[in-house]
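The structures considered in this document are given below.
Both complexes shown next keep chain A, but they swap its partner, so chain B is in the first and chain C is in the second.
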Partner chain A sequence: MAEPVAHFPASTSKSAFPYLLGAGFLVVLAGSLCTAQVDPRRLLEGDALANAARFLRGAFPPDLSSEFLGHMMRPAIETIQISVVGTLFAVLIGLPLGLLATSSLAWSGVLHERRAAMGRWVLGFVPYAVARGLLSVFRSVPEYVWAFMFVRAVGLGAFPGVLAIGVAYGGILGKVYSEILEGVNPRPLETLHAGGASRLGVVLYGLIPQALPSLVSYTLYRWECAIRASAILGLVGAGGLGQQIELSMRFFKFDEVVTLLGMLFCLVGAVDFVSGRLRARLTR
Partner chain B sequence: MSGPAYELHELRKVFADGTVAVDEISLTVGAGEQIAVIGPSGAGKTTLFRLLNLTLRPTSGWLRIAGVDVGGLSDQALRGQRQRIGTIYQQQNLVGRLRVVHNVLAGNLGRWSPGRALASLWRPREAAAAWRALAQVGIPEKLYARTDELSGGQQQRVALARVLIQDPAIILADEPVSSVDPSLAITIVTLLRDVAHESRKTLLMNLHSVDLALRYFPRIVGVRDGRIHFDLSREQVTEELLRGLYAGHRDDELQLERPPGGLDPFGRACRPLPGFDK
Partner chain C sequence: MRPGASETPTRPETQTVPPRPRGHDRRGWLVSAGFVALIVWSYRGTGVDPGQLVGPEGLRQIAIYVGGLFPPDLSWTALRDAGIGAVETFAISLVGSLLAVGIALPLALLTARTLLYRGVLFEARPLAPGPRALRIAIYAGAKALLNLLRTIPEILWALIFVFMVGLGPFPGVLALAFHTGGVLGKLFGEVIEDVDPRPLEALQATGAGRVRIMIYGILPQAAPQFVSYALYRWEVNIRAAAVLGFVGAGGLGQRIHVTISLFLEQQLLTLILAIYVMVTLVDALSAYLRRRLV
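Let's turn to the complex of A and B:
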């Protein structure tokens, strides 16, 4: 018989990790503040205030003439189109690569225990590693830089914006998809596999249905990000409202800039709303 | 194909953490036989079934299915073998978000082409067959219900209907009734037994309840510590053998104590939890 326990046992965790993590964070924060030249006084210096005042004087009243607004409808719609088609491209890139980059599906774990070594490593692990590498290249280059390169390659307009969002967000989506897919309950997958289902059968009847709410939800979130990004991409000439903002800035037409920012604000709000409704409906 | 449904020779499974789950089990299962596998929790019964349904690879020893040594089979050939083995698990391993019809039709995945499998998710193929299978397990009205809206017992019936659709030569049931109420437990055990008998399928069932095993199965295999403790016909299984099988496993021993009057035909299933026996 064990001795009756007089006191409940104290936690045996003696890990120094939380302290190390905290100390490390403080060091990184202090270093970042120094090297990033954070100095609030510079906001209040003469030049900064004068420039801000010039911008504000020029910005009000905003240009709300029907002629200007009429001209801007097309770029506004273009911005939405870039975000929608760009996100679609991102899914087309991210989903196949994300599936390949899912280790439990590609090569490790119970679905592969009886696989012949050749198939497991050559047909499983190699594509997995290649997909991971591609995804990481796609997402480590910012969409802004992708847009810059695609503008050089295919010229100004919406298309380079679509390509930039497709590639950069494809990289992000693929990574997140693979993490979502690895997190699903593996037992239904084992069951399908044990009944003779192919890898694709396991994906269609076990993996995707379980992960669908998270996949849809994250994709819609990326679409919300894409509409903001498509505005930025315009600054390097990839179409949409951003390109108009850049033009108006260049000609010091701050009244137009404010109107355009207002339009962007409405677009982002509308997309957030639509995406929220879709999410609520699709992720039941 | 010919020969016994299963031949196991010194089959052994050691997991990566060093646990010896199955320790040199040798066993022959004739085609069409019905066998109950009993033994304390952690005896390696589930691992044995995962070896039998070709999910796990044995560490050593060999396994023949209908005379075919599965050790050297290609991935494709293994898939063909798995198609002939239907497994029912303890937990309902269904996808809750899919409708019942798809979970049942998933029994066809070994035969369906990828295109057909995808199309069926859009518009169920062979829905009539799924309906018949569900009717056989008593819940045809649930054909288009969402699976996670069903009770645990109903979900276990769906798992059963999937195996009926799969129509395998061998049925492995890994504690199929441990999470359902006693009367449903009897229904499920007898249904599996009858299905197996009618279409001459081989049936192996892991059971937590010794009573169910002794009542419905002619051959009983006792497993303890990854080894076969006894392999006898029902008549030869004695109280002593059972005590030896469960010795030292307190929770499992309890089910051997029958209340006076022998009113406990389902073993542990109808025993109240401690604290609920007012």
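Let's turn to the complex of A and C:
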């Protein structure tokens, strides 16, 4: 049998890039290994193994007593409710800011071709820039940090979780909404414009019908993310299953932790299923 | 039909639009009504009170808090602390992502059905029923393991590993590695299963064995996507690493936890800015690497 050719044409190009990249990568990796205090021996020490054994022994069998399950129904429902209201708040924050942050609505494109006065342009551009900046701030602070700050502001419970999801996801939704609105096919808008439609008419009959399915579909996707987040935000005191997981973990009740993880798994699966079905119908 | 027979002239352009199916419409209303009910139920259940925030008292509180954040603490000690935290977060995300690739690759090979028991590789020499059943069992086991790794969120893995090996960045690394390992394993496995079969068939027609087909047919097609997914997960992990510290797993998160707990708002803003810079840098670096490598 013939041996495969030793050199492919593409591999004959002489460039220092792979070597530089490789060397730089090794240096950064070595530094990172030191900084992160990675030490596999720590995993195999007596303490770590004993703790792992303690965790696994404690975790099985999971606590499926009806008393515990009954107590956990309330947090499980709360997790769903936080995700729904959090997503609602995210839409309420993201939609207006997203509309302001859409360049084709605020200051450029078909809608503004007819009257290109400098004053109008500034009137559109300033809110545009402010909205972009706000969305970027909302988005770049992680939702845990928001949750923690809101727990400080309004106390423990579901409300800070709702606010954290609302603000963090509002930032994401606003950005994605503006991208969707900017990405619509401009030709129907131009046609409407040429037909003498007013700005509002162009928006209502040209922009919205094109963008709506994508907007709703992305919002539903964010709801799926929100149920995961709402379960975890409880770790900093923002209600839901996460708070219970944190408590059970702190009291070393690992059998309860496993049960709670199972419940979380079912909730996430259910929301994924509902949202997936709806999105499939929307984008069909 | 004779022209002009009908009294009212037909308007063909209005008839080309088919009528909306009625059942479809009713289902849409039902779904919408269901959603409205869900929102109302949730709104009442969570005890949300926007008045608490938007009322004059709430707004004053927010203004005081936001005012307290400024100016960010740019003293030497605060900056050094934020710098150390940022480097630690970077290290956790990098090592965690690499370990995740290390976990994902072998599991992906075990969950790619086209490598285990079906497809081109097994056309020339089909498996005996015994080995075939064994391989299906291996596939199912590896798939279940990946699901388990992926289902438990990073922050819970971090709780578990903090319990096992104590505080510090190391449990953060392990937490990222386990969760991301599950995610990447699933993605890698799907990439392997979805490669274009034609090159594989061509190789097989020349008489190449299974190993040769894997090395020269599957790997070259899959490798760029592996790199691309790994880089993407690195971007996700730098954000995750920044908050894992909340449960004691090092990095910026641990420092943020301390500053919020002690009401050190100006230092908090410095740390948030550090996260922002960090995330932006890693996104840019990852985008650059993706352009060069993929």
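Here is the rule we go by: the second predicted complex is superposed on the first by the 223 of 284 C-alpha atoms of A that agree within 3 Å, B and C clash if a C-alpha of one lies under 4 Å from a C-alpha of the other, contacts with A are read in each partner's own complex, and residues count from 1 in each chain.
Methods note: a contact is a pair of C-beta atoms (placed from the backbone, for glycine too) under 8 Å apart; a residue touches a chain by one contact, two chains touch by 3 or more.
Please read these numbers as outputs of a predicted model, since none were measured by experiment.
After overlaying the two complexes on the shared chain, residue contacts for A:222 are found with neither chain B nor chain C. Shared-chain residue A:194: touches chain B; no touch with chain C.
Contacts of A:132 after superposition on the shared chain: neither chain B nor chain C is touched. Within the superposed three-chain model, A:175 lies out of touch with both chain B and chain C [touch as defined at top]. Comparing chain B with chain C, the partner in contact with more residues of chain A is C. Of the two partner chains placed by superposition, only chain C is touched by A:159; chain B is not.
Chain A residues in contact with chain B (one complex) as well as with chain C (other complex) do not exist. Across the complex, chain B is touched by residues 110, 113-116, 119, 187-188, 190-198, 200-201, 204-206, 209-210, 212-213 of chain A. Put simply, chain B touches chain A in their complex at residues 50, 53-57, 74-75, 78-87, 89, 91, 93-95, 97-98, 102, 106-107, 109-112, 114, 117-118, 121, 162, 166, 168. Against chain A, the residues of chain C that register as touching in their complex are 31, 38-39, 41-43, 45-49, 52-53, 61-62, 65, 87-88, 90-92, 94-96, 98, 151-153, 155-156, 159-160, 163-166, 168-170, 172-174, 207, 212, 216, 239, 242-243, 246-247, 250, 253, 256-257, 260, 272, 275-276, 279, 289, 292. The touching residues of chain A, counted against chain C in their complex, run 1, 4, 17, 21, 28-29, 31-39, 42-43, 47-48, 51-52, 55, 77-78, 80-82, 84-85, 88, 140-142, 144-145, 148-149, 152-154, 157-159, 161-163, 228, 231-232, 235-236, 239, 245-246, 249, 261, 265, 268, 278.
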